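Next come the structures, one after another.
Shared chain: subunit A. Partners: subunit B in the first complex, subunit C in the second.
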Partner chain A sequence: MVKKYLLLFLPLVLFLLLTFFLVKGLFSEARYEVSTQVDRQLPEFSLPDVMDEDQLYTRQVFENQVTLINVWGTWCVTCAIELPFLTSLREQGVRIVGLYFEQDLDPDFGGKSLQQIRTDIRQTLNQLGNPYQFNIFDVNRDYSMDLGVTGAPETFLVDMHGRVLLHHVGDLNERVWQDKFLALYQQAMLEQKNG
Partner chain B sequence: MIAELGQLSLILAMMASMCLGFYPIVGAIRGEPRLLIMAKPMAFAMFAFTLLAYMALTHAFVTDDFTIKYVANHSNSLLPVYYKYTAVWGGHEGSFLLWMLMLSGWTCAVAIFSRGVPLIMVARVLGVLGAIALGFYLFLILASNPFESLLPYFPVDGRDLNPLLQDIGMIIHPPMLYMGYVGFSVAFAFAIAALMAGRLDSTWARWARPWALAAWGFLTLGITLGSWWAYYELGWGGWWFWDPVENASFMPWLAGTALIHSLAVTEKRKVFKAWTVLLAISAFSLSLLGTFLVRSGIIVSVHSFASDPERGLFILGLLVLVIGCSLALFAMRSSMLKSNSRYQLVSREMMLIGNNVFLTAATIVVLLGTLLPLVHKELGLGSISVGEPFFNQMFTWLIVPFVVLLAMGPMSRWKRQAIGDLKSQLLWAVLLGLVMTALLLTSFERFSMLAVLGTFLVFVIVLTTIQEILLRTNQQINWRNLRKLSRSHWGMVLGHLGFAVTLLGITLTSNFSEEREVRLNIGDSVELQNYQFTFKQVRHIEGPNYSADGGVVTVIRNGEFVTELLAEKRFYPVQRNVMTEAGIDSNLLRDLFVALGDEFTDGSWGLRVYVKPFVLWIWLGAAIMALGALLSIMDKRYRLVCVSKATQAKNIENRQIAGTGADFG
Partner chain C sequence: MVSRWVLFFGVLVFSLVANAEEKYQFENPQQRADFLLLTKELRCPKCQNQNIADSNALIANDMKRKVHQLLLEGNDKQQVIEFMKVRYGEFVHYQPPMTPVTFWLYFGPVLFVLTCFGYFIYQRRRNDGQNVAQNITGSVDDQQIEKLKRAESALKDTQ
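Right, the complex of A and B next:
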């Protein structure tokens, strides 16, 4: 009789055991971070310029200067809306680097030709203003993945040591800049000035 | 405004579920009919308000209401309208709302179609469903509200749908899968209600059986659609990837398959009662677990892009509450169960329990394969991945004894079967099966042991199924005898034949497919399995909303023209998407499949060419299985159960006799 009882409780015991692992798994690190935790170094990379595949960039381009990294694409509507504001920031002396993200459905078969992407970029930037020092091309879209980008636009504030201070999802406008970015940006600039 | 109405409807639906989960159950305990009759109206209210909420959210998507956070995050003004309708369930919050819509829909269906079941039982079942729904409504409203507002600052335009999800296949099969997942809640509720009543006779099995069959049918279709879509649209030529999300849907299917068989035994022979209850609990629990795995992002896969531990914790809490309580109830109550009939070692009962053992083993294999990487990592043993070879090997081992039981089970008698009586039938099936296998496989150039085994098993299933029909019609197959067999009997026959068809497709495709990636100039050709593929030209095509390069490939076999395939690479300027549209020539014997790749600088093109024998049979078989489920649901005895009074039953029967001609609906 006792044996029968034990048998009947077995499913419950097994399930509770499973739950233990599920709870633990829930709080452990996923393979892809959902969001690069703030205060973390940017991951290493080596990616080409979107306009010139021979020009390679590494993490070093973010050292010694406070930078905004803006994830964008010509296909993205909201990105087009924030371009004029970003351009005005550049005019105020903010260093902005683009991380170009092509929404390409079939990586195996290569989507748009590079030529076409470049024509689109030139056209968009001529029309709406060019805030970027240069554009890094996230060829396989894996660097965006490492950064925890879930779509475009997204903007990262990076300090002179290449650390992420802020990760903003959505468009950057006057209000967001004032409320979210400005204080941190000024602090980072102060640090840069002092050395 | 409409969004606020949606929010309000959601809260009202939650309140309806609260009443539904409380009063009828109290009424059942105290025996107060006043409380019992509340069950049905509350079930209707719950469904109606959920539907309203869902419609409000759809309205917000279609009218680009970006003041709603969920819409702003998952849509944008340039999204084509059909994507807007489907974007409703493109994210976490919306897909849960869809889930709830289906749960309340099934609840409503139980309230409508259960006239024959005693009121107290219906009230308990609806009460259990209401209680489950309450948990998920709370989750929806507290932790994952689709109507959360961004006012006063809202964006000019929405962010795009997650690029990984902006894809028709990711969009189309969730509703089907959910329909199946959630459908098992009904069988679950019947089992729990029976446990609560403490009266686990076979009647609950009879009531629960059509619901379990319906859920199983939907799940079968959902999985099939997903697999079929992956094959036709992704252009990889594969049809099953043992991806965690596919596994999450496959586990409830396996448990559900065991359940529909076990329910049959419990209904007819009043045995395995505890086991059947446990299966009903398992099938729904695995559905919940699947939802959790997919939606919490605990297992990394392309499907689960965004994860949020707090939401995950909430769902996990619900999971523990629902599954934990029901398993505890099971452990306490089912010890009282006693089987009141006897059967011998060789009997239909034993064969069915054997089939259950193998299906359960298969479920555990998939569960282990899916969760082992997680457990392994959490034990600090590092990351491992469990891939296709593991699953393929395990399933190859499991399928042999499974098919042996499947072949013998339907022919055997309840209680006791003398093995000698089936000797001639089995001998015939084995001998004829071997001959047919040999005949079929000589048409392929290669030899493969696994193909021989798989094909042989298929023929054994088909031949024994025919033998079984012969047995039931006293060896005289004629129209009158065949009509005497019940619909649920035909349902079983179709289910088994469908399984054989799928198995044949899987066996032949896995063993005899050929694929090649080639680089061809215009005029070049490549040969696969006697099919000569010649790359004729690339022409420019202007579609309604896209422009495309279309590669024209003609196929010639033994000097005879077979077909001309057009493999397109489409560019959609509005979405700036490139989609490959493979050229496929499909018939029952083989698929010819050509996908166009990149153009190289020297003017040649990359092409992928496949010849896949019998691949269509995989989905054809699944469709036949689902049809079998439909036939079983339509069996007369469930409809008679639907009506409580004998007179009404008679009326219905008369009507049936009068209208048998048009009785398929």
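Right, the complex of A and C next:
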């Protein structure tokens, strides 16, 4: 008899499960994000400074120092929004290196001149603050692809061994810094001090 | 009406092929076929639910360019897919591999149907068994038949 009543409730239970599943989908992140980069060593690269093509950087610039790598471009609206906050982080002593890429510089179509890019960068950074120690120019966006970058802005937290601790897609603001970055950053800084 | 659709898709397909030919040069037809297949099977990480052939996002164009470059360098299809997976995760390929988690994705529905079918058969057998048992006990229970007979004759007497 009890079994029969249990069977009677089975459709209701199934219905509730289905409802739960669908409602969860309604409020979940619309984008699926899994970074493959976390815990990985930064890939090798050799790229010029965006302001000076004779200045070449390699992976060594990320050794022995905890760094935020911020992927950005002057064409990117959200990047402009996060620049003031990033500048305030620099003022607190956070080392931030820009990985600059240009949207209009499509290898298939050509585009903006290097001179124009530099003028735009100077203008933007004068206006909104300059959080960067220097900017690596990802000319063909190959390095961005090696890092699994899907757009801008994105930010990586890299420890003193050049290992990625965190990959954040979207703008970096006070809330994200507090919730996602701070604990890991402090831990990495502690290691740097002791090491 | 039908011919109009045929024409529409014909133009569409032709323009896609023409587009690929225009923008990317290949050394042989196999590379072109691989390119077309790969750009259909690789998913755009920015504009999800589109493959990179369909998408015009910057990242999708960059990935197409990379696929082209890798094919020209002599990589085969699987190597190109691996290249993208290392950077963007399993997610980037539209064919999920068989893992303990995706096993349920692949075989869950089949298992569900089989389980239901098995339960159905089991129930039927059990019901049949019960009916047979009831028939047997019914025919063997002489006492009850006796009682009924007596009641019948009693009724007849009162009439």
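Keep this in mind: the second predicted complex is superposed on the first by the 155 of 195 C-alpha atoms of A that agree within 3 Å, B and C clash if a C-alpha of one lies under 4 Å from a C-alpha of the other, contacts with A are read in each partner's own complex, and residues count from 1 in each chain.
The definition used in the following text is that contacts are C-beta pairs under 8 Å (C-beta built on N, C-alpha and C of every residue); 3 or more make two chains touch, one makes a residue touch a chain.
Small disclaimer: the values here were computed from a predicted structure and weren't measured.
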Touched partner set for A:K193, first subunit B, second subunit C, both or neither: neither
Subunit B versus subunit C as contact partner of A:T19, first or second or both or neither: first
Which superposed partner A:D146 touches (first subunit B, second subunit C, both, neither): second
Subunit B versus subunit C as contact partner of A:K3, first or second or both or neither: neither
Shared contact residues on subunit A - subunit B and subunit C: 31-32, 34, 103, 106, 108, 150-151
List of subunit A residues in touch with subunit C within their complex: 31-32, 34-36, 103, 106-108, 141-142, 144-151
Subunit B residues touching subunit A - in the complex, by the definition given at the top: 76-78, 153, 155-160, 162-163, 166-167, 235, 274, 278, 281-282, 285, 292, 296-298, 300, 305-309, 312-313, 316, 319-320, 323-324, 327-328, 330-331, 334-335, 371, 374-375, 377-378, 569, 571, 575-580, 595-598, 606
Footprint of subunit B on subunit A - complex, ascending: 4-5, 8-9, 11-12, 15-16, 18-19, 21-28, 30-32, 34, 74-78, 81, 103-106, 108-112, 150-152, 169-171, 175
Of all residues in subunit C, those that touch subunit A in their complex: 23, 45-46, 48, 57-59, 61-63, 65-66, 85-89, 91
